[in-house]
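Letters are used for the chains, namely A, B and C, taken in the order the chains are written, and counting of residues starts over at 1 for each.
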Amino acid sequence: MAALIESRDLTLHFGGLKAVDGVDFTLNPGEIHALIGPNGAGKTTFVSLLSGRRLPQSGTILLAGEDITRLPAHARVRKGIAYTFQITSIFPRLSVFDNVALAVQSRGSRDLASRTRAALARLGLHGLEEQEAQTLSYGHQRLLEVAMGLALDPKLLILDEPTQGLAASEVDGFKALVRSLVPQTTVLLIEHNMEVVMDLATRITVLTFGRVLATGTPAEIRANPAVQEAYLGA
Amino acid sequence: MKHWTLHLALIAVLFSAQYWLSPYHATNLARIMVLAVFAMGYNLAFGYTGLLSLGHALLLSAGMYAAGLPAQLWGWSAGPAFIAGIVGGGLVAATLGLLALRTAGVSFMIVTLMFAQAGYLTLLYFAPVTGGDDGFALAPASRTLMGIDLSTDTPRFLTALAIFATGLLLSLALVRSFFGRTMVAMRENEERSRMLGYNPFTVKLAALTLSGLYAGAAGAAYAILFGYVGASFATIQYSILPMLYVLMGGAGTTLGPFLGALVMFALIEAATGLTTAHQFIVGAALVVLVLFAPKGVLGTIRERWVRWLP
Amino acid sequence: MAFGPFLLLALMEGLVTAAVLALAASGLSLVFGVMRVVNVAHGEFYMLGAVLAWAVTTMIPGPPALAFLAAVLIAPVLVAALAAAADGLILKRLNYDPEATIVATIGLLYILQQAALSLYGPNANPVTAPFEWRIQLPWFGYSGYKLFVVLAAGLVLLGLWLFMTRTKAGLVMRATQVDRSTAQAFGINVDRVYMGTFALGAGLAALAGVLIVPIQQAQYLMGHDPLLLSFIVVIIGGLGSLRGTLIAALVIGLSDGVISMFFTPTLAKILATLLVAMVLVFRPQGLFGARA
């Protein structure tokens, strides 16, 4: 099976800090892939390289075999890589409808209103269309953020700590949502909540100090002594 | 629907003004409408896209000279000269954008200020052609359109109104379009917009160029309708004025630029009896607005009462 | 006159320009560095310094030297007090938002200029130099006062440098410049630092105005050129870098003196403003600033 996205020897150092240090990584189409690791392991920096928010010092990134290493972020979004921010980044003074409509119209202008409403309904945000986004509860803002990512109709959806700040009941709904996305959409998930990771992920990659420590199924990762020592056991 | 009704109603009221205003006030209103077109262009860049420029005098004078010089040197008539003015404003704006949009925020303000200053000095340097600060008067032949003399009261008023109405309705259509939403997205959260697949540079360049087309149209209209072209329109003063109008009327509202221009004209007119300190009024208005009413008249009305105001 | 002495004269004139410019620009640079405020009204503080110097010297009888000394002491302090008031009444209320403060200082520029026009009038008035003393060089005589301006500006800038690097107040200002919130966490009263910085910046501009007025009459529009030149100097020197500002002032001042002897001043200004714009676009850390 051809990889959806692939990185080879990807490297980005900030001065002496090796944030991402020669990462080889493969994402198969249709999987839910979780990226875990201790704080400061380089997870967010790594997905920033995939999404184009930062450019690497060396290495290559391939999207379905095409080299996108130097492609600017907005062009990658158009090629189907959507990114949701770790720190909620919405348009606070625009209506909920406009927030999602901006994502929808980025993919084409047909049936804007109905497609926007559908994207909102999928996250349970229907009925809030006319509200100003900044007046939403924190949980709803997180969901709005995900709704914008989904509305881009991406091939790859990168979720950076999506369940952070969600109530337990919302987390269950969220897991069901992510499951419903595959296999049309491939999901790359940065997540600290191990229960969510073990439950959702088909494969897991563990990063420490900017390097890949291990990759495998949840069972393999749980059984890996190196991972236990470096991370789970801590 | 109510958006269009509101805007068409304003245009109708302005049309009727020629019957109930004195010629003196009608001429002033024509001037206000032309300057409002300039401010509408400024509003597209600043109010909607968040580009706080201090160099729009460059775009106004680009339109003015692009219309005025061919008229002066080669005897172009009003129609072609007006079109040349629009194109000139747009071209200069696009060039300015290609350079200045590499910067943002305070740097963008200073860069636009410096380019405008360089433009003004260039007009002075070529004073034998441009007339410098004294400028030059446009020949009557260049102020006629299809045999109608635009320098007389009624044709002048109606031409100004036609240009204003076109600009106003176009700006309403624009801000309610997909592109209008994208412009606002740049203002509100550029990074998020980028991660929705929009290229900030091209969106802002397009907005600034549109803004330049408006400024160019205003500059050309001023030259043709009032018969004067001069470097004084390239001074920093004319970069501040549209900002003042927009802040007064309400940044990011379609009717704000006109309202702001009208209010400032009225303020200065009313104060003329009391004092000659025009500059003081402009300065005080800027400080008071930015301190106490940063959303301007219509911005405040929209926030408090009329949510649907475009 | 032969070319050599001619060039020497140009360089000496340039040095005077550079000295006054360095004073005014260091004020602008200080305000931007510490407060992140672009003060468009900076040139008006310079103008007020000159106009107040005229007012003080006409009011105080006695020998010119004494009257001028009074102006040097009084005018910058008055202008600094005015700036402190503007900071408290306007800038602080805007929370020092960079864009809002630019709009507000544009308003301030108009208000101060109009105030000068209404109270002082449109005429240019001379101020007598504190001493009439000419240095006779082999080729030409040169005003001793102009050399005094260079010396005085140099001393003030040296004092400013010592103040910033050797005193506690200077340390507090530099700490606030690096990180406002950390400074606040360490118990620094940021509001007072900002007010003091804005007053000091305005005072430096006013002092430059006082020093120039015996050479170049006081007039209500005289703030325009120094504002533009200060902008140029501060940007080319690297925004907020005092050392870069001084080097740039020297370069711009000297080349201005030389260039305007050989080219028209308008052309020189066009090139200078374009240079500034291009520096901001392509090398925002300034020509002499280190890459951030």
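One rule holds for everything that comes next: a residue touches a chain if its C-beta (ideal position, glycine included) is under 8 Å from a C-beta of that chain, and two chains touch if they have at least 3 such contacts.
What you are looking at is a predicted structure, and each value in this text was computed from that prediction instead of being measured.
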item	value
Path length in steps (a step moves to a chain that is touched) from chain A to chain C	2
Greatest separation from chain A - chain, by CA centre	C
Two chains sharing the most C-beta contacts	B-C
CA centroid of chain A to CA centroid of chain C, Å	52
Approximate Å spacing (C-alpha centroids) for the pair chain B, chain C	34
Distance from the mean Cα position of chain B to that of chain A, given in whole angstrom	44
Where chain C touches two or more other chains at once, by residue number	none
For the chain A and chain B complex, residues of the former touching the latter	51, 53, 72-75, 77-78, 82-83, 85, 89-94, 98, 101-103, 105-107, 109, 112, 148, 152
Residue ranges of chain C touching chain B (in the complex, touch as defined)	36, 38, 90, 93-94, 98-100, 102-104, 106-115, 117-118, 228, 231, 235, 264, 266-267, 269-270, 273-274, 276-278, 280-282, 284
Chain A contact footprint on chain B (complex, rising order)	178, 181-182, 184-185, 188-189, 191-200
Interface residues, chain B side, partner chain C - complex	52, 54, 99-100, 102-103, 105-107, 109-111, 114-115, 117-118, 121-122, 124-125, 240, 243, 247, 277-280, 282-287, 289-291, 294
